[in-house]
Structure formats: structure tokens, C-alpha cells
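So that we are looking at the same thing, I have put the structure below in C-alpha cells.
The letters A, B, C and D name the chains in turn, as written, and every chain counts its residues from 1.
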Amino acid sequence: MRRLVRFGVSLEDELLRRFDKTLRASGYKNRSKAISDLVREKLIEKEWEEGGEVVGVISMLYDHHQRELSRKLTSLQHEHYRTILSSQHIHLDRHLCLEVVVARGEADEVRKLADLIAASRGVKHVKLSMSSTGENI
Amino acid sequence: MRRLVRFGVSLEDELLRRFDKTLRASGYKNRSKAISDLVREKLIEKEWEEGGEVVGVISMLYDHHQRELSRKLTSLQHEHYRTILSSQHIHLDRHLCLEVVVARGEADEVRKLADLIAASRGVKHVKLSMSSTGENI
Amino acid sequence: MRRLVRFGVSLEDELLRRFDKTLRASGYKNRSKAISDLVREKLIEKEWEEGGEVVGVISMLYDHHQRELSRKLTSLQHEHYRTILSSQHIHLDRHLCLEVVVARGEADEVRKLADLIAASRGVKHVKLSMSSTGENI
Amino acid sequence: MRRLVRFGVSLEDELLRRFDKTLRASGYKNRSKAISDLVREKLIEKEWEEGGEVVGVISMLYDHHQRELSRKLTSLQHEHYRTILSSQHIHLDRHLCLEVVVARGEADEVRKLADLIAASRGVKHVKLSMSSTGENI
């Protein structure tokens, strides 16, 4: 279990007042939690910049009527079974699907996988969202 | 089924050469596909800026040992059952979970839901990734 | 003069250790300064989201050999003289210029101005960078 | 002088209609110009990701009453005179200044310079905006 450390921070009164106001509006009950979140967000950006093991969430929007596409995406995912942890499928309407895969691996590897999916004929939009293994944050 | 329209585009030769090179490196086989993707990405940004119905992918990293947290996140998600379409859970290690929910609704509503999750005690990182219903792109 | 307020923050020891390490690498000597910066960055993002008076830095890359462009950009800037505070010009090579203008006004107004510049024939790249009047942070 | 190349692009009719609508709203008169801009934006992102010579615009917001800060920022800039091309100063109010410097160099060097400025006591906000030498786009 991780230990909490307490330390003092000095902020300008007006800045703090505005920060607290924003926190209340977002549902935060605790300033330390909010500051931890800002710190973690910063560190996760660094993890992705500097390489190393990361977790990425790749969402892809596609038309399942596109010939061969479902099959192709499935086989592409299986080729990367060491990187892809799981997948989730949503039927958006008669034609469109949103598939969300969670990938874990080197930052560049995950980026490359997202590019490969985006390049597939019939895929309309791909977004890579940066998360973390949580080990170092 | 949507109809394809063909039109002419003029680009500087050097710019086109570099673009084609980048496309090959990312696995694209087709310039029209790549340009469609840039256009869709732009339009999805607008959908989120201007409000309207969107699809968002919210990933949350949390420690399931945090007392009451799993229960709290589940009940928070149920309160928003009209917005949240589905959820996916990954066991990252003994302590940490990554949960990915797909939400559909007004852009502001989805943003607010992501904030609420982020503000929950024990949640370490939340990322909202912007996708689309696909209806208008 | 603004008053400093001191308060306590609790962070996990490991998270704090990593944050401190990143700060040292970036040249920070002071944790409060780093946390203030994260807080201000967040608040400036909100200022731009929620509208209100902002300061934006618009950089534009263009070819001054493009017929009429310099004249057009100058006249466009003069039409917005109430918004544009100042301008800086760099000769990148025989053909290319980088011009950087600082604009102050409603967030939407500044965004629209950047769009107008980007749409001008001969302008190759426009980037809007979000800063602040500093009044509320 | 660069030569224009003309080629055909196929887009879905509905997608094209929406793209054209967005272009009109932003002041674009020309679809090729808009597509060139999307392509250049993409290539400039790559220039920054992959390293190489870039142009960056660093804006810094600071309080000139902060003891020694103006002198320190000036001397920091002079130490990097090979990277910094020019600087522009705006008096935002009695206390606050916005200074905008244009830097040209390796992507990492420019990022590091922005970090160093941000870490300086009294600097309230620093933003690095990514532009280009224009040589390869």
C-alpha cells in the first residue's frame, strides 16, 4: 500500500479561490485529490513522450457493411494479441460500429497499431487516448 | 448507402510527395482515404466544440481496493444509464483497474460525466476521448 | 500585491518522488511554483472554454511572394486593430515569413480571427496558442 | 517556385457537403487550400514528433515587478541567442507582461527552452506553439 506524504504549498489567494471554485463545479470535494490528478496527468504525458510501457485506448468508428472490414479488423487485432488486452463493440446504428480496444505496450507500438487501424479501408475515425499502467503514478 | 463524389485538388508537388511518404509509413494505401480521415477528424472536433450529440470514450484508472469505490462508480454509471452505452473492465495488476465506458449524448453532458468520475476518491486518472455518432460525417 | 496562502496537500510518496524528479529535469526549484503552474494552465483552459476575455498568440507562416498577400494580411490586421495588440515578423528564408500577432478579446473573436488568417490564399500554416490576460489567474 | 500538382480525390457526398459548409463559415474560398492546410498541419505535427529543425513560438506571461525576473529572462534568452530569433513584449496591465519569442532549432532544444522559462520564479504561464521552418511543407 502506498503511503501518503503531506507537504505545504503556497499559492496566491486569488488563484486558490478560483481553483476551488472550479473544483466545486466539477464535483471535487478535496483539493489534494485535484492536485494529485494534475500531477498524474502531467506524468502520464511524460510516459508517452519518453517511451516506455503505457496503456492506450483506441476507439475506431467503422461501417460493418464495408466488405471484409470486420474480418480484417479482427485479424489485425489477433496479430497484435500480445498488445491488445480486450475489446468492446457498440452498434451505433444499422451501419456504424464503435469498437474500443485497450492496448498495453511500448508507446510507439501502440501508436503504430492505431495508425494501422486508421489506414484500413472503411474505418472512418480512430482516436488514441493515453492512459497508463498506473505502476509509476 | 452514401455516394462518392470525385473532385480535383491542387497541392504543391513537394508537399504531396511528403504527405504520400507519411501515408506509406502509416500503412495507408489510398490518398483519398487519408484526406477523408483528415476531414472527418476536423468535423468531429467541430461537433464537440459546437455541442450536439456526440459519442465519447471515457477511460478511468482506479484502485479497486479503495473502499466503496467500485460500488460508487457502478452506481454513478447507473445514474447515467441513458448516456452510458457500455463498459469494459481490465485488471491491470493486483490493485489497479482500467474501466472504459462509451457514452452518447450532448457534448457537455459527456464532459460533465467524465469530470464527475475524475472527482471520485480513488480514481487516479480519467481521459475523455472524442468520437462521433458518425451520423454527420 | 497578491497575498500568498499556504495549505497542506497529501500525495502518495511514490507519486511525489516522480513529480519532483520531473521538476528537477525541467529546471524547477520549487514545488509550489510547479503546482501553481498546473493550476493556472487548467484555469486558462477553462477561460477559453467558457468564453470571456482572453489573450491569444496567432502565428502565421506565409510566402511573401504570394501576390497581394502581405498587403491583404496587413489590411486584415488593421480591420481588427481593436483586437490585435502587436505583431512581430521573422524572415525565415528568401520566401517564407513567420508573423506572430498577439490578440486580446473574446475567445470566439480571437478564434475567428485565426480562422480568417488561415483561410487567406498563400498562408501555409496558422496556429492559435492560448494565453491569458492574467487578471484572473 | 514550387509547382502545383492536380489529382483526384473521392469523398462521400454528405461528408464533402459538411466540409464545404465548415469552410465557408471559416472564410475559406477554396477546397484545395483547406486540404493543403490539413496536410501541412499533419506534417508539422510529425516534424515535432520525429525531431529535426522546427520553429516554435513561446509565449510567457509574467509579473515584471517580480524582483530580478526581467533581468533573468533577458539573460536566459541571450544564453540561447542561437535559438531565439526575436522577441515581442506586450504590457497587459500595470503588473503583467506577455513576452513572445520565436525560436528555431531542434524540437527538443526548443521544448527544453520553454521548460526553463516556465520554471523561472514569477513566470505565471508558458505556452509553446508548434510552427515550422516551412522548408519541408
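Here are some notes:
Please note the rule applied: a contact is a pair of C-beta atoms (placed from the backbone, for glycine too) under 8 Å apart; a residue touches a chain by one contact, two chains touch by 3 or more.
Quantities reported herein were computed from a predicted structural model and do not represent experimental measurements.
Graph distance from chain A to chain D, where chains that touch are one step apart, equals 2. Inter-chain spacing, taken between the CA centroids of chain A and chain B, is 9 Å.
Centre to centre, using the average C-alpha position, chain B and chain D are separated by 26 Å. Residue positions 36, 40, 137 of chain B each touch two or more of the other chains.
Taken as a contact graph, the chains are arranged in a single closed ring, with each chain touching exactly two others.
Listed in rising order, the residues of chain B touching chain A in the complex are 1, 23, 26-30, 33-34, 36-37, 40-41, 44, 55, 57, 59, 61, 65, 85-88, 90, 92-93, 95-96, 98, 100, 102, 104, 115-116, 118-119, 121, 124-135, 137. Chain contact summary for the complex, chain A toward chain C: residues 2-16, 18-19, 22, 31-32, 35-36, 38-40, 42-43, 46, 136-137.
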